[in-house]
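In what comes next, chain A is part of two complexes: it sits with chain B in the first one and with chain C in the second one.
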Partner chain A sequence: MPSKRPTARPVEGRRWKVEGPAPTQAVKSRESRVSASPHPAKPARPAPARTTDPGPRTPDPGLGPRTPDPGPLGGRHVRPDATSKVAGLTRYVGDLALPGMLHAALATSKVAAATIAGIDTSAAVAVPDVVSVLTAKDIPGQNLVGVIFTDQPLLVTDRVRMVGDRLAVVAARTPEAAWAAARAVTADLRPLSGVYDPVAAMAPGSPTVHESGNVFKTFRVIRGDLARARKAASVVVEAEYHVGGQDHAYLEPQGCLAIPEGQRITIVASCQCPFYIQHAVARVLGLSLAAVRVEQAPTGGGFGGKEDYPSEPAACAALLAWRTGRPVRLLYHRELDLQVSTKRHAAVVRHRWGADAKGKLCFAEVETIMDAGGYVGLSTVVAERANVSAIGPYDVPVVDVKTHVVYTNNLFGGAYRGFGAPQVTWAAEATLDKLARSLGLDPLEIRRRNVLDARKRVLCTGQKLPGPVLAGEVLERATALAGWEGFKARRPAGDDHLRRGIGVSLVLYGCSLHWGGQKLDRSSAVVILQPDGSVIVRVGLAEIGQGNLTAAQTIAAQALGVDPSMVQVWQPDTTTVGDSGPTVASRGAHMSGMAILDAVARLRTRLDPVAAELLECQPSEVELAGSFARVAGQAGRAVPISRVAAEMASRRIEAISTGWYHPPEREYDPRTGQGAAYEFYALACHVARVAVDPELGLVKVEEVSASHDVGRVIHRDALEGQIQGGIVQAMGWGVSEALPLKDGVLQNPSFTDYVIPTSADVPAIKIDILESDGPGGPYGAKGIGEPSFIPTASAIRNAVCDALGIDVDTLPLTPPTVVAALGDRHPHAWVLEVKR
Partner chain B sequence: MAERIAVTFTLNGEKRSFQVPAGRRLLDLLRDDAGLTGTKEGCGAGECGACTVLLDGRPVTSCLVLAASVEGCEVVTVEGLGGAAGHLHPFQRALVDTGGVQCGFCTPGVAVTGAAIVALDVADPAEQARLLAGNLCRCTGYTKIFAALEAAREARHAK
Partner chain C sequence: MDLPINTVLRPASLAEALKLLAERPGARPIAGGTDLVVQLRDGRRHADVLVDLAKVGLAGIRDSERGLVIGAGTSMDAIAAHPGVRSRFPALAAAAARVGAWPIQCRATLGGNLGNASPAADTVPALLVAGAAVTIASARGQRQLPLEELFAGPGRTHLKPNELIVSVLLPSVRLGQGRRLVERFVKVGPRQEQIISVVCMAGRAIVAADGRIELVRLAFGSVAPTPVRARATERLLERKVLDGSLRHEALAVVQEDVKPIDDVRAPASYRRLAVATLLDRFLAEVARG
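Moving on to the complex of A and B:
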């Protein structure tokens, strides 16, 4: 427990709530139930549900009791997908097979840069049980994949730009035959000089990956008079950070199943974005979008790795299915998955930041070079977020940010939890600590002096932060939870030779999509009330483990006043809902939820009159809660919702409803990076405590304390699970998950050598949840998937530097990196000294 | 065709016989021949633990076990952990109750290893964590899985 927990106080006339007893003030009336608006009115917030004891219900004083029942929101009911998953009954795509199904395999390039003089498939065709071997000439539609810019062929023809470029695809009766045939495909590759360093790739005369040049795009944020601000600064820190990439390491490798049926096709895929696959397959096969059905299979982890990439295997399987007329399943093995799938972008981040003598930031210059690999993929989206996230939740009047997307022949940079924000946050938080040290300030103190708050709420983009600005609150709460002051006063010595340190990091996360992705930022839902009062919900956002089914179920149950067990949310299918964009950017629960609320509001225009008749009241008096429709304020006048549903069915009243949502339009100038990049923001602070072995350079993260402004809790277990999982995954990125490359070839494509955290590595995790009023998604909830990841690695880095009294500016902090950073301060440096 | 070997063993309490090629992995026998797809393949190299089953009561990664080698053994998969069909092992139930499940792909292996840890009645959390370290989970950060181990151990003692 924090030693000094701040108490609730008014912020700009509104109150934000802290964890504690349910608020006693009555919930205000939900006046409007918008029927067809794209922006459904947010329902008033019910009191948060408690798992153990909901506490005494406060009698309603008559302010408008439309949601008087706590309902499931904020509770811990059992996840709808948990029981089948623990029993081994959930069928992932690898568990699905059809009669006559063929197995696919990919022939991929093992070199990163070459021209292709020819591809010979004759030996592959001759492998027993092989049915089909296809190359680019067999593609009926366009040989192009790529979500935003189609610079990438599905099957290469003349040029190899990265390891994993596909030369041919194979279908065979057994997986063994398919992979044997794939290995038998030979290509006459003429090596080219490649470029394997994004900084070198920017230099004139560097080998070019695409004819358009290696610098694909540069994003900017420009604010204030830099020359003047430089003069005002009394301390300036310059630094260059080398931030490594990361593999998603979802436990289920990439996989999909393509089922052709005449002139149309069904794809069942492990993925985050069924609509991306729909577009990719339609383009490659030359089909209409309506002729491509994509069902999201239960998906064994995504984290961004199943955003854009699954379109590629899906298009390969679809091509083989189309040509053979048979179902084709493609399952990656782990080595291939690690070698060729997208990665978090490795980045070089250069800083020049200045502060005045009191530690107030005067200016910040940031130049980030993101290694896109051989194709642009989602790199522009990643860079767009990195660009506006480079300063963090700090008040800096003068800002100059450049963010470059650079082609190389390295691994394919893609979406990964936080996309771009973790890299720049790692650098920003390191620089703040350097500035603090130069000024003789505590890292906590320099942050206190610079965080945005109710008075200083303008971001580097010029956007005025809406709602309560809780940067200072999460900072105080997380550092209190971690015992910051006590640690600093009496640094724990421990009974060993390890050195201990503490580090802090904040994050300001723009929820959902950047202005540049606005056209994709919409969401569709379908709600069907069954005659027995149970409810079917379909949404366009995917369940990838993060709990979207749970969130959608909770929100629907809350809005309809039924028990969550009465609501079944089925996996997304492109034929059941409209294109809802990608399941990324912590937008799943937010966008699903808003569309569900709209669908429920529309359903109630038909449900409420029926209930009113049964209750002998006005439709406007009907409220839904506790599995009953009842007269507002009169608990005794109630009828079960199942009875209303049966009545609707018997009267043949339409009990299916669609819902739609898109956020309001925003203004933003991409030339200057000024404007509303995001609709609203989540804030979080993590504090790490570490023990470092100064001889081995081995970092043990002992504890992470996290304070998160979540807006509103939807499902407490899922929320905590996101935070715990985000912290441990980020710890892996920060300390152990290196991606060493040699000429673009990954050197450790196995779980033996690519070291993700195990249960034995897990730190103690302390969580503090802050609920607040302000802009947000359904019931005021904000995304959590990425804010939970972003600040951990930087807090760990700062803790390690605190422990050792040095700077480590390279991520991950593996033992060799830490020992190298120690240099002359390594306990055995004298050995080298003597040798010299 | 490659030479086939007859293998007979107890699978989830039932005596079963299969004809397998010499190189067939137990994982493939379970998934493809016995139709028990609850056991997952995450890496095929014995690192991730998604394919963990109990072999004579001990957790093993079935991707590294030759099917022909389990002659006369007792094999329990995630589907058989709870005994009769439709029943869950106390640790499986604890995973559900504590929220220790996210994407679910590691979960069958975690359930099997966790059931073995519960059977060992290990009280020390650090030792529990060490015993679970052969099962990678990328979603949960393991914290709620630890809670499930503790809940299942407590349930065992409450009996």
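Moving on to the complex of A and C:
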């Protein structure tokens, strides 16, 4: 019999019945759990379910629990950082100040393409209260930033490649003086012809951004005989999609504080990867890695925007701190942040997809051109994910995918929730709807006929999906939740100027890092059991609002059998844990959790013998649950974990433990895109219902229904929060957030005209959670951060097109874009021809 | 925040405020500050001295013989909630409720919305169709101006530096026997709240029992350097009975009344289509009866 998971409340997804074909696979999957993860520390799943909220636990010190305690896993305990954040007590970088601290500012280029004939800082130095103005010649180490490639200087010397390129950095006694001095830096810039269109940048004769040429790299996935497959297809859809970029719009702009201490330095930064900053600062200052300490400050949102980019401001602040010997804080203002920080890549996606007469996909050709901006940054890694995500969770025997990383003088492409997958998913799901229309099929039906399942489990990379394949399951559940069947019959008449539509999209998300980033894919944890039974946990993955502290706390509490309130997870600090890579790729809970479980397993080699002595049993019989160590299966024989901890302390037994985890090595051929690009995959389906005012082009997303195979729920509130947040953020990308450029200059660098959704725009959100027994991270959990984002804008696009009966192949679907797509079908289009 | 301001003065009466404005060249009045503070920070406006009107007593709505008088210091929130405004000037109530979002509406004032002279000011089209007049004061005395004559261009009014908008008069509507009043305000923007109008429109029509349009006033925002009355369209429609061909003609004529531009919020062509759409919908409501 399959064991049930502990859940503080019934799993929502089981409350309703699935319409349509009976979903069978999940049921099967529960009966035969696949153990694909080789990690030895993977714990047995904890025991019995219950259906009520646990409430506060006060252990009875005399008797111990009579019933086994399922622990906090899958529950809804209050997240540890909630109170301080809601009460305004959390100290962000902008709240930190030190005696003698200076304020930094950046002198940046306002043009995107130029050679530099000279930089004059004399006027800046003369500004009152200015302490230091530095240029590239003042850098003691290497003038380089960039996580992977070395095409980007910290401070430019001879060439400007994008707006925001740094000419000089300033430190002053007040922020006002610092920014005034930064404005006073003058540069003799000789304009170059720039290139502002990635497609044009690929053409021979285009102005080049770097001498090596504008096409930095092309990634491929090649599978099957394309010529034969083309002949077999009875319907072929060709399309070109223009997908816009997106700003992260984190609440807290970029910021950091650098504190020099003799021959070493501490950086406190709003960031997603303190280890990247450690490497960047060490390189720029010429210091050893050990001489650079980076502490992650509480971070007001990241979404990828604080993965690679914070190394740049941190290196600037570090340089100023190093040269002045004083603490230096650099805080971006919003306009600067919008213009110069990294963005989701704008992309052009070209499709030629074919299907047979029954709607079965025969082949898919995809060519994606990603606008990297002036430097490559993380664009290659983004392209790797886009490359293997281009087909979605569909069974396509013949695939030819090309993804180009192209330099332009536009905004700097970087990491952003979804990491290349949203752009190609938007295109793939649009093309599926076009094929369905050509064949007279319902969009749901064409997906049913092509979705991966237990029999068809081979991805475009040739990788065989491990574990249960619940793509069909999430498709059925999300569409049922949204009322797909019969929607068109019920579609309300348009007497309120509105037309309703419904759209569906799936996502196949490769959890954690791509094969190309394997060497970064490891994690570290430290667990310290205190003499009072409380627990300190350190992990190398960051809390950026997504709930990583909550996940780490829950997993540690579950593994040690203590209440979550006894576990304190502290912010990452490069001096307390090993390099755990970046907090990206939906890997936070996964990688933190696996390292914590390893640390707890190692701690128990010392804890269990002590407990066994107190319990008069064998160490192998010790079980930790409900704040007690007890003899497995014997409810009466228990001792509080706090007593075991005190006993360990009094005997001077080592109560600190480290944990380490890395996924197994995988094989992958980057020339063909064949192999195990990712260890395991999350599957999800979103269905959007929209109301469109066609004459004004206004799109109102009324409802999004989401079904996710999450593997296992760690913390239900955090999970639902990620899904809700992902949906709203993706709706902004899909509908209203545009980044108009003129010669590389952003035209709307403020929240007045960069239109992110507000609470008034949030649709009704219905969430269905599936748990499954496939491979995953801690307790089988997969990632949720990005699967919650990716299938949203595509579902919205399909719903809008369903409402209007036309295709809109440009993202975002702003009112002018929708109206332009209507063209002559707009009832008043004739007024544009009126002679005036 | 990096605000280049030297002095903030806080007069306790209108007379004192007017005296300060007369004596201090370069002084600028501030009420809610929801536009001005942002513009000062961005360097789009400059002021050495700010004269804070909070204690001057310009807030309040009262009835007079000629109509409803709204003090320049009245907040958008107070206007949107006022029963008299809601019943007698529904377009203005609706417009005030769409300025920014509620936190902005609690600070922003009617006088500020006029003095800022944005082409996209939401209350202005509603005030224009109401035939509003502004009362302007200086240390030398008061004068009254039809609202239409206040604006000189984007961000510019015909106010002299020492003048202050003190109130706005909304003339009462006398609705004769069997007449019906149709009044609407519509705002178009890419999100529900906290958005600058891409186009906004207010319309007022008085329709006789026989369907003849006795009076029609149409005004648009964000389609010209200032909010504008659609005079040519009004002339076309007045004293006529609406039918399909008249509606059609109105959509063509209104294109002469507006002069939209391409900007970061929308191209001119979108604005022209939106103007046609909003007018068509308003006329449909007028015709529906």
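One rule holds for everything that comes next: the second predicted complex is superposed on the first by the 765 of 836 C-alpha atoms of A that agree within 3 Å, B and C clash if a C-alpha of one lies under 4 Å from a C-alpha of the other, contacts with A are read in each partner's own complex, and residues count from 1 in each chain.
Following the convention adopted for this analysis, contacts are C-beta pairs under 8 Å (C-beta built on N, C-alpha and C of every residue); 3 or more make two chains touch, one makes a residue touch a chain.
The structure presented is a predicted model; accordingly, all values stated were derived computationally and were not measured.
*Asks:* Which of the two partners, first being chain B and second being chain C, lies in contact with A:T814: first, second, both, or neither?
*Replies:* Once the two structures are laid over each other on A, A:T814 reaches chain C alone.
*Asks:* With the two structures laid over each other on chain A, which partner does A:V195 touch: chain B (first), chain C (second), both, or neither?
*Replies:* neither
*Asks:* In the overlaid three-chain picture, which partner chain does A:T752 touch, first (chain B) or second (chain C), both, or neither?
*Replies:* In the superposition, A:T752 contacts both chain B and chain C.
*Asks:* Output check: A:L696 vs chain B and chain C. Expected answer is one of first, second, both, neither. What do you get?
*Replies:* second
*Asks:* A:A760 contacts which: chain B (first), chain C (second), both, neither?
*Replies:* both
*Asks:* Regarding the shared-chain residue A:H828, is it in contact with chain B (first), chain C (second), both, or neither?
*Replies:* In the superposed model, A:H828 contacts chain C only, not chain B.
*Asks:* Would you sort A:T83 into first (chain B), second (chain C), both or neither based on which partner it touches?
*Replies:* first
*Asks:* Looking only at chain A, is it chain B or chain C that touches more of its residues?
*Replies:* Touching more of chain A: B.
*Asks:* Mind sorting out which residues of chain A both chain B and chain C touch, each in its own complex?
*Replies:* Chain A residues touching both partners: 752, 758, 760.
*Asks:* For the complex, give me every residue of chain C touching chain A.
*Replies:* On the chain C side, the touching residues are 2, 38, 101, 188, 190-196, 198, 251-252, 255-256, 264-267, 269-270, 272-274, 276-277, 280-281.
*Asks:* Taking the touch rule as given, give the residues of chain B at its contact with chain A in the complex, in rising order.
*Replies:* The contact residues of chain B facing chain A are 31, 36-45, 47-48, 50, 77-79, 82, 88, 92-93, 95-99, 101-108, 111, 126, 129-130, 132-146.
*Asks:* Spell out the part of chain A that touches chain B in their complex, as residue ranges.
*Replies:* 76, 78-79, 81-83, 85-92, 94-95, 248-253, 298-303, 333-334, 544-547, 717-718, 720-721, 723-729, 750-752, 756, 758-760, 762, 765
*Asks:* Report the residues of chain A in contact with chain C in the complex, numbered from low to high.
*Replies:* Chain A residues touching chain C: 175-176, 179, 497, 695-698, 700, 735-736, 740, 747-748, 752-753, 755, 757-758, 760-761, 814-816, 819-820, 826, 828-829, 831-832, 834, 836.
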